[in-house]
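Each of the next two complexes has subunit A plus one more chain, namely subunit B in the first and subunit C in the second.
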Partner chain A sequence: MLELIFFNITNGLIVGAFYALMAIGLSLILNLSGVINFAHGGFLVIGGYLAYVLTPYIGFWGALIVSPFLTAIIGVAVEWLLIRRLYGRDPLYSLLLTFGLAFIIEDGTRQIWGANGLPVSVPPALMSALSSRFFFITGYRMFMVATVAIVVVLLFVLLRHTRVGVRIRAGTLDLETVAALGINVRALRSFNFAVGIFLAGLAGVLAGGQLGLEPTMGDGLLMPSFIAIIVGGVGSLTGTLVGGLLIGVAAGLTAVVFPSASDAVMYVIMAIVLLVRPRGLFGEEGMLT
Partner chain B sequence: MSKKRQSLATLDRRTFVKAGGVAALSQVAAPFIISARGETALKIGVDEPLTGTYAAPGKNEVLGCQLAVDELNAKNGILGRKVEMLTEDSTSGDAGTAVQKARKLIERDNVNLLVGNVNSALSQAMAQVSNEKGIMHIVPGGHTDPITGADCKWNVFRVCNTTRMEANAVCGLLFKTYGKKWHFITPDYAFGHTLYQGCEADLKKLGGTVTGNELTPLGTTDFSAYLIKARAANPDVLVVLVQGNDMVNCLKQISQFGIDKQIHVAGTQQELESVEAMPPEARVGVWMFEWYWKQASGTPGLDAFIATVRKHTGGKVPTARNWFGYVTVHAYALACEKAKSIEGKAVAKALGGLELPPEVKLQPNKVYFRGGDHQLMLSAFIGELLQKGDGDPENLFKVNSIVSGDSIAPTVEETGCKMQMPA
Partner chain C sequence: MSAALSAEGLHTYYGKSHILHGVSLEAGEGLVTALLGRNGAGKTTTLRSLVGLTPPRQGRVTIFGKDTTRWPAFNIAALGVGYVPEGRRIFPNLTVHENLMVPLERPGRWTPESVYRLFPRLAERKLSRGRQLSGGEQEMLSIARALLLNPKLLILDEPSQGLAPLITREVFRIVAQMRTDGISVLLVEQNVRMSLEIADQAYVLDDGHVVYSGSARELAADEARVQSLAGASAEEWTLQ
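This part shows the complex of A and B:
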């Protein structure tokens, strides 16, 4: 039993790291632009399918790098054409817009690549498990965790030590002042949106290797990401990261004792956090009014 | 923003909205509704998932229906009347929408036959409506037992297997070849529950034990926690009952974790849609297909069916779902011809006991609708998944035996169906 619990905590951290990758992208966009991006799962799907198309030409590794960039470009186009027009309005508008976009992307994917799933093989070097005892720690899952770790570190460096990063953080706290200081807020938001969508695209490529591709694959991954943000606290990327890991572990542990509740437990945690500490574990008060 | 740019932006948006409106209209108008061919057309209302997790099987059943409708219209229609097919998206899991669409098809479009659904729970919900309205209803692909068991209805017929038939088809074989301790991964809704109950009952009868049953929510993407638990229980067989994308995700993770090298992996129902979505290494285990395209040469009508489906799918072979849809419409047509009527009760009486002719059944054994519970007695194709296509890239299943429906179905009394035909 102890081993089972230990296994599930480790496994939960792996699953949670993936939730965190999605959630951080969502969180970036929410913090700076006040957009609750329901189409984030859709961009994940786009990233995955683009990688599927690119892989025969540039291989898995090439697709891993190129596909998120292409996804980010599509993301910027969407931001420029649609989402930008709703900045400053009630968040409900952009929520409805992205909600609709999610459906359009899902059905578009179905039109182009078909309703049936597509198989994705991961590079043979990453296929096998670490040991027969730790069978659930496969090369690919370790690689996913490592990728998430690298991305998180790079992102924190970007936000702490580059000019644009500092502007994004400043904008998160007080956009009006940032604008008053002569910074191009439109460009800043576009860049920030691109980074968020890049992360969604990356998550899509990684998920493709783990799960295979299918037009609705984003749905199942989107809700945990929202929960991660709420649990961690809106406005805090550290919180989002911790939130993702936390719900991953909680879902894993619940599966040991009461498997059919492993989805529900995420919502229970969210409810408790909202009741006891509405701003979230690391959130600042009044971030999203 | 300058005035000029502002007006430009407005113009763009308007144009965009108009374009979107046109696109949306064409979506509604073009693909699914065939324009009426005179007032006397006989209408078939298909209420199946076209979006969501069951979109792939749903669309394949719709295609099967469409092929049968085309064949009928190319000849004499049904009783000399053209056949018109109307298709609605039931969604994959929202019973409210499925029922609303069923009502729309029955009340507004006045369909003569209601067809649906892939999802067991939606099938049951739709059957309530069709029964209340007294409209003929054929369920092509929802497997849960009660549809032709405890909840059977005079107007409702089913083409695919019951979950109990699926359990009976495979359990004996698994027990004999793989061992007696089984661990289950079961989807947590109507289909999964009755399928698990069937397997559990069979296993107990054979003298085996269940080491655990992981109930997983529909749409689960990550099965790792369940798999860790299943392996810790150290069973002889890991029985995977989840379907669709869940099946793909689950088998993919099983192969990545190398569990198939330590424990026998098997299940009951397997489908070509799922197998094609898996990478080769995930195609493992013993399963049953409800219909399979690769059969002995000379099976009447088979080659023509395969060729027609390939023409419509860009070269893909027919799946069991295509066949379900195809049988659904043809069986209804045959029953109408037999009854020489399209009146619901007469057609229902004619369809009970109706045997499918070779060019519709497309398989060796006798295939017929049982009169007592309105369940089709179709064969089970039992065999093993192939990692690489044998002979044809899409031949991914090696059929070891084709068992007749009669031999795996519980008796009508055992199903709990008490059929009451209206006076």
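This part shows the complex of A and C:
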């Protein structure tokens, strides 16, 4: 029984780490540009498939670094060509645009690589279990969680200690004043978009190594990521991180006692949080503090 | 006299409402120019038109010899135009120190160290968040932030708004000091008497029209006019 609970907590943490990675990227873009990026799952898929294409040439480690960067470049191109034109308008426009983009990416992937699952080959060293009792804790799972943790820490350092990060945080509340202080806010938005998409691309590579690739693999992550943002409090990245891990672990634990409710539990958590603390767990601190 | 900034025939709208009706003005190089007028006369809108935040629909803005009428705000600021907006617009979620990391770094004498020397109070409150500051501290931070651009032209929108008389005097003293440092200043103010004391040139706006343009001294001598501009809240205190 202990193993079972531990197994599900571990699972929940891993799933939660993915929710958090996706949700933080979504949150960055939403806070600075006011765009609800429904294509975020699509960029995850692009990151995963790029890794599949690149791995034979540069290996898993090379792909782990290169594909998120390439995904971010594709993301900036999309932002520059399409999304940027809708800034400042009703959010509904960009929502519709990114919703359409999500379908285009999914079908494009299916067209190029087929609907069947594809594997991303992971170095054998990462695949072995750490012990026979806790067989489910493979090196790769530890590695995924560690990678997410490192990237999130780096992101927080960027936002707190670099000029560009501080400008992003300033811009979430008052982009006009940031512009009046001489900052190219178009470039700032593009950079911020790139960071968000980088995180989605990275999630794609990591998920591909664990579960393999499918054109629809981003779909299941999008809704939990939005819920993670709402539970954590819109505007708070710390909240988003905690929200993602919380709903991941909650779903994992529910799977022990009541497996069929494990998908529903995150909606229950969201409802409770919204009733008790409508601004979310970390919502009071204000945007990106 | 060459002009750091000149505006010709600005017509600016907020949506459908027509706010500025052909405003023309000049801010002379190395001078303090005061832009006065009652609430709702269009002073803030004029400044927003000049710095590119609410571009005029008609007319022309020239800053340091460049036609900036259609430039985005960040390009205008990068020319060396520091802007202290109405209500200060401090970033409430950032610390004092972080607020000072936002502006573009143009090389010059103003660095975080030198603005902390100008405003020792800000150095003491380095790690406080913007929302925790008093009105006076916020005003100092807003001015410090604009100075970090190392502006050649400083545009201030009602820096004394809501400040205690002692702090207002301090703010005016610093604005007057900018002039000695060779920075051109365009100042919008409710505090008519104090503004006219430090200003060289003055403009009076009424209902989106320029109704006076000329020397600040002449306007200050016209007691009836000053009285009507300053309104019921006529400030008795002056710089001395």
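Criterion: the second predicted complex is superposed on the first by the 274 of 289 C-alpha atoms of A that agree within 3 Å, B and C clash if a C-alpha of one lies under 4 Å from a C-alpha of the other, contacts with A are read in each partner's own complex, and residues count from 1 in each chain.
Criterion: a contact is a pair of C-beta atoms (placed from the backbone, for glycine too) under 8 Å apart; a residue touches a chain by one contact, two chains touch by 3 or more.
Since the structure is predicted, the reported quantities are computational estimates derived from the model, not experimental observations.
**Student:** Once the two complexes are aligned on chain A, which partner has more residues of subunit A within touching range, subunit B or subunit C?
**Tutor:** Between subunit B and subunit C, the winner on subunit A residue contacts is B.
**Student:** With both complexes overlaid on chain A, does A:Arg169 touch subunit B (first), subunit C (second), both or neither?
**Tutor:** Touch partner of A:Arg169: subunit C, not subunit B.
**Student:** Contacts for A:Ser128 in the overlay, against subunit B (first) and subunit C (second): which applies, first, second, both or neither?
**Tutor:** A:Ser128 sits against subunit B, while subunit C stays out of touch.
**Student:** Which partner chains sit in contact with A:Ile183 here, subunit B, subunit C, both or neither? Use first/second/both/neither.
**Tutor:** Once the two structures are laid over each other on A, A:Ile183 reaches subunit C alone.
**Student:** Just which bits of subunit A does subunit B share with subunit C as contact spots?
**Tutor:** On subunit A, no residue contacts both subunit B in one structure and subunit C in the other.
**Student:** Report the residues of subunit B in contact with subunit A in the complex, numbered from low to high.
**Tutor:** 9, 13, 50-53, 55-56, 58-59, 188, 214-217, 219-222, 224-229, 231-232, 245, 248-249, 252-253, 256-259, 262, 273-274, 276-282
**Student:** Please give the residue numbers of subunit A that touch subunit B in the complex, ascending.
**Tutor:** Against subunit B, the touching part of subunit A is residues 3-4, 7-8, 11-12, 14-15, 85, 106-107, 110, 114-122, 127-129, 132, 135-136, 138, 140-141, 207, 210-217, 219-221, 251-252, 255-256, 259-260, 262-263.
**Student:** State the interface residues of subunit C toward subunit A in the complex, per the touch definition above.
**Tutor:** It comes out as residues 51, 53, 72-74, 77-78, 83, 85, 89, 91-94, 98-99, 101-104, 106, 129, 131, 145-146, 149.
**Student:** In the complex formed with subunit C, which residues of subunit A make contact?
**Tutor:** It comes out as residues 163, 166-167, 169-170, 172-174, 176-186, 285-289.
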